[in-house]
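Presented sequentially are two complexes of chain A, the first with chain B as partner and the second with chain C.
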Partner chain A sequence: MEQVIANGLYLGAQYALIALGLTLIFALMNVLNFAHGQMYVLGGFVTYSIYGQLKLPFLVALICSGVSLAIVGALMEKFLFRPVIRRSKREESTMLLAAATAFFLDALILLLFGEKQRGVPKIVSGVFISDSVILPYDRIVVGLIAILMIAAFMLYMQYSKPGRAMRALAQDRIAAQLMGVKVERYSMIGFALGAMLAGVVGGLLVSITGVNSGIGGPISIKAFLMVMIGGAGVVGGAIAGGFILGMMESVGLTVLREYGDVTYLVIFALLMAFLSIRPHGLMGKPWG
Partner chain B sequence: MGSEMINRRSTLKSLALGAVSILAIAVASTFPAQAENKELKIGFVGVTSGPAAAWGTSNVRSMQTRADWLNEAGGVKIGDDTYNITIVTFDDQKDPKRAIAGMEKMAQEGIHYVVGPNVDDGAAAVRPVAESKGIIYFPYAFPKSLYVAPASNAVLGMVANYQSGPAIYKYLKENKSVKKVAFIAANESDPISQRDSGVAAAKELGLEVVAETDTYQNDTRDFTPVLTPIVQLKPDLLVLSGVAPANAPLLIRAARELGYEGLISAETAQDATVLQEGAGELANGFISVGGASTPEIRTPLMEEFIERYTKKFGEYNDESNTKVYALEYIIETLKANPKAIDDVAEFKKTIDSFSAPNPYAKDGMLKYVGTTSFGQKRQVSVPMVVTEFKDGKFETLFVGEVD
Partner chain C sequence: MRKSSTVRIVSAALFLLALLVAVPLLISITGRSDLYYTLTSVALLSIISAGVWITFYIGRINIGQGAYALMGGYVSAILVTNYGVSFWLTLPLAGLFCAVASVLIGLPILRLRGVYFAMVSLVLTEVARLLALAMPITNGAKGIVSIPLPAGISLFGITLVPDFASLANPRLAFYIVAVLLMALCFLGLYRLAHSRIGQLCQSLQQNEELASSIGVNIAYLRVVAYALSSFLGGVGGAMFASISQSIYPSSFTVADSVNFMLNCFLGGLGYVLGPMLGTFVLYFGWDVLFQAGEFQLLIFSTVLIVLILVLPNGLLSLALPGKRSG
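Right after this comes the complex of A and B.
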């Protein structure tokens, strides 16, 4: 059972990090970013190219993944989402735009990086073995980095000026604007930050799970699942959703093993039941 | 002023027409053979994106490499005419609905011979279209119903898992003392049907099957939770049924990192670069069905094919050793019966008696097989090469033959 819990915690940490960027963008702009998974994939391929191909240090590759995705996010916000939000009052306009962006990025990534699964050398070798738990050191390192990044992100949102501005925007856009918060600037920073998180986690995980051009969609779906569990637009909710999903997966795959592949069936059934009782998730607010 | 302009325009037009005519004559005299050649379109409907993309990509690249090569040599003579080969491709994204659309597209383009689809549900989905529109297709899919009468338009393009599986398990039982086997498959129709036939084959050989219902979502990125309970059962052999090339290194890595020390095998073709990048030395010893060629049996033509493919696409895929055959079978069968060029009934008639030298394997013959498995010849004959992965390369374990 210790192994199952360790697997769940590790999965939860990486899931939480994936969901953070998605929920941040939703909180700030009310945009369901369907391209979040594709941003993750792009980040993975940047790290693959720099660390795996050019043989530069992993940290350099990770920074490059974050910076390049932040730029992509900022450009997307400025030239795509901002004009659409300005011109259209209908929420589905941004959803359609996000879906189109996802398809576009899918095609672009396929064109640039090819169809093959790509991987990079392990960042740390060796396996931690005790009587009850076996965990490779690279997973421990990645899990710790993920937890540190989540903590750093929360501190940034809590205490920095941009963080406070973004929280104000998330709570009440008009009130924040009346208080002098520059909506456009902080929306762009928020979108860039969300994209950067996707890129960094993609880069981080390429050392363990590799990356291929077709995984963007499934990653987005999983991220939405976590956000739905925790509550859309709430940072704490995304983290809770990530850990809950990770633990449910790990426990389900062991406990329900003899019944076949029913783990996700059970997770989806529980999620439907849960949402019918609490449609705004664990920490979301009923009023949005 | 007006007439001056008209004159100038007429002069310019005449000059342009003259230039185009001279250019056309020059081009025509430079490439007389190509200009006379007819066009023979061969289709491909299969997966070239997503986790299983390597399967379809190796098809497309093999076909394009061979077609370019044949065209460069002046085309293919079928009957009294010489044809240039054009490959028309369609990515079905491993989605049966898109596979149907792809096959419809082939029919609209007047194509009678199609390579693909790469997976079971796609191949089953396109069957009605292929049969109603007069298309012979070469799937890389294993359901026997596609090849057993009354079905007659599909020709299996490789060795099926129920043909290679028993051979692999028997070899491992006799040579590596394998007694306990565990199976794991993606929760999709192809891998599950391959797992079921693998389980049946293993039981028939007297092996103890300790896990036969374990599955995973095909988009799983971390296989540690899935493999934890299986590794605890300590099987001698872990079979990754129908595993996609993108998932194989992740499964191998997770199993090894959990302390699994037994053998790991798959009956699907894999990609050496993907295995090396994703699992490195942890993939050493991994057994799979390789491409239908080894250095010992390949001809100089096969060597040249590999060289041309690598030059064209940057890196070679071992699976293309198998995928090179479908186009060759189509062309050679059409050569044997030119009436089949637009009449698939003629093609079917030729299948039973067709035989030609195998250009890619020493002492081999191109012939249709499958009578034992399907009751009729609906499979291409290719060498069954079982390989072991070692330090970034596939090494031949043994070579067999079907039928």
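Right after this comes the complex of A and C.
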């Protein structure tokens, strides 16, 4: 049982980090970023190139992943989402754009990095063994980095000036603008930050599960699940959703093992039931 | 600038005539009979997309249409192969099955709005795929293969529809059936959009609380719209299963669901013919780009992004500026 909880916590920390990026972009721009999984994959490949092929330190690779994805995110906001939001009659048009960028990133990743499954050497070798828990050290390191990043992100949102501005934006865009918040600038920063989170998780996980160009879509779906559980556009909700999904996956894989591959079916069914009772998740605003 | 209704009817009839007579003629002259399959797919996909369009009409972003297409395909395939029911009977049955299922599913999830509904419907597609993999009747990952071609219908000794297996060119027959179905579907859609119910649906799209406060039964209306949408999805899926004579859990996936939504967006959400045009452009664009080889997806998505940047309200907003006919 301790093993299951440890696995769940480890999964949950990464999932929460993925969901945080998605929910941040949603809260600021009202955009459901379909390309989130693809950003994750791109981050993974950047780390793979720098750590796996150029043999630079893992930390450098991780920072490169974050920075390059932040640039990609900022460019996407400035040149794609901002004009479309300004000009379209229905704000759903941004979903079309997000789906198209997901295709675009998919194609780009496939061309640049090929379709092979890529892995990198372990960052820390060895396995932690106690009476009831067996965890490889690299998983512990990755889990801890993820938790540290979540904490740093929350502190940043809570106490820094951009963080405060972004929270104001998420609450009420027009009111924030009237109070002198530079709406466009902070939308861009927010988008970049969200993309950066996706890239960093991708970089972190490449050291454990590896990465291939096809996993972007499934990752996006998982991120959507977490956001739905916790409530869209709420930082706390994303973290809660991530840990809940990680825990459910870990428990489900153990308990439902003899029934075959039905863990996700059960999770989906539970989610449907949960959403019919509480349509906006654990802590979401009524109508995202 | 309203065109009179006669002009509309005549132009629609001409369009249909062109599809049923001119296109087969052109194809037989040029000998490109592979185009039949492409055009049939466009017709069927536009029916499925039309379903998505209806849900857009009540202000819901539906990325779950693939689930109903898959369901419809399986219902038809199972009825035909296991129980020997005529395909033509399974076509409406598949639609009805999906409609009933969508009422059951829709009652809870239609309470959701905006991105919540979008995400749940996306998950629904994944649920359908996993169910098809897990249930015994759907034969798991192997799917159902070698479904017989549709048999004929005869009434009082007169053959109304010939047996497809005996035809020299079943592709042409499928093409004609698909075009007729598409015409029927969009005729119905046009009627729906311009009826009282259509206007009520638009009120849902704008403000559900306001609509409810002046006495519109929103819960009833949105379930009906969702059921109609799923009906179209089911019919389209059933037809697809019959053409390809097979159905697998991966026949309709999340990518397909997203594509159905893209078709509607690209054509223009405010226009009845939007899904048809969007499907045509997307499907043909994809096919044409096949020559680009490994750059296919890159060029395709770039063009898509540029189109959205230039025409964020859909292709038809170019031809019909300022007029929201839907």
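By definition in this document, the second predicted complex is superposed on the first by the 285 of 288 C-alpha atoms of A that agree within 3 Å, B and C clash if a C-alpha of one lies under 4 Å from a C-alpha of the other, contacts with A are read in each partner's own complex, and residues count from 1 in each chain.
Criterion: a contact is a pair of C-beta atoms (placed from the backbone, for glycine too) under 8 Å apart; a residue touches a chain by one contact, two chains touch by 3 or more.
In this text, all values refer to a predicted model and were calculated from it rather than measured experimentally.
In the superposition on chain A, A:108 contacts chain C only, with no contact to chain B. When the two complexes are overlaid on their common chain A, residue A:261 makes contact with chain B and with chain C alike. After overlaying the two complexes on the shared chain, residue contacts for A:271 are found with chain C alone; chain B is out of touch.
Once the two complexes are laid over each other on the shared chain, residue contacts for A:99 go to chain C alone; chain B is not touched. With both structures placed on the common chain, the touch criterion links A:134 to chain B but leaves chain C unconnected. Touch criterion met: A:205 reaches chain B, while chain C stays clear of it. Look at A:89: by the touch rule set out above, it reaches chain C but stays clear of chain B. Residue overlap on chain A between the chain B contacts of one complex and the chain C contacts of the other covers 106, 110, 260-261, 264. Considering their complex, residues 56, 61, 105, 108-109, 111-116, 118-120, 122-123, 126-127, 130-131, 133-134, 254-255, 258, 261-262, 265-266, 269-270, 294-298, 300-302, 304-305, 308-309, 312-313 of chain C touch chain A. Against chain B, in their complex, chain A makes its touches with residues 3-4, 7-8, 10-11, 14, 52, 106, 110, 115-122, 127, 129, 134, 136, 139, 205, 208-210, 212-215, 218-219, 249-250, 253-254, 257-258, 260-261, 264.
Against chain A, in their complex, chain B makes its touches with residues 48-51, 53-54, 57, 187, 213-217, 219, 221-222, 224-226, 228-229, 245-247, 249-250, 257-259, 271, 273-274, 277-280. Residue ranges of chain A in contact with chain C, taken from their complex: 26, 32, 34, 80, 83-84, 87-90, 92-93, 95-97, 99-101, 103-104, 106-108, 110-111, 217, 221, 224-225, 227-228, 232, 260-262, 264-265, 268-269, 271-272, 275-276, 279-281, 284, 287-288.
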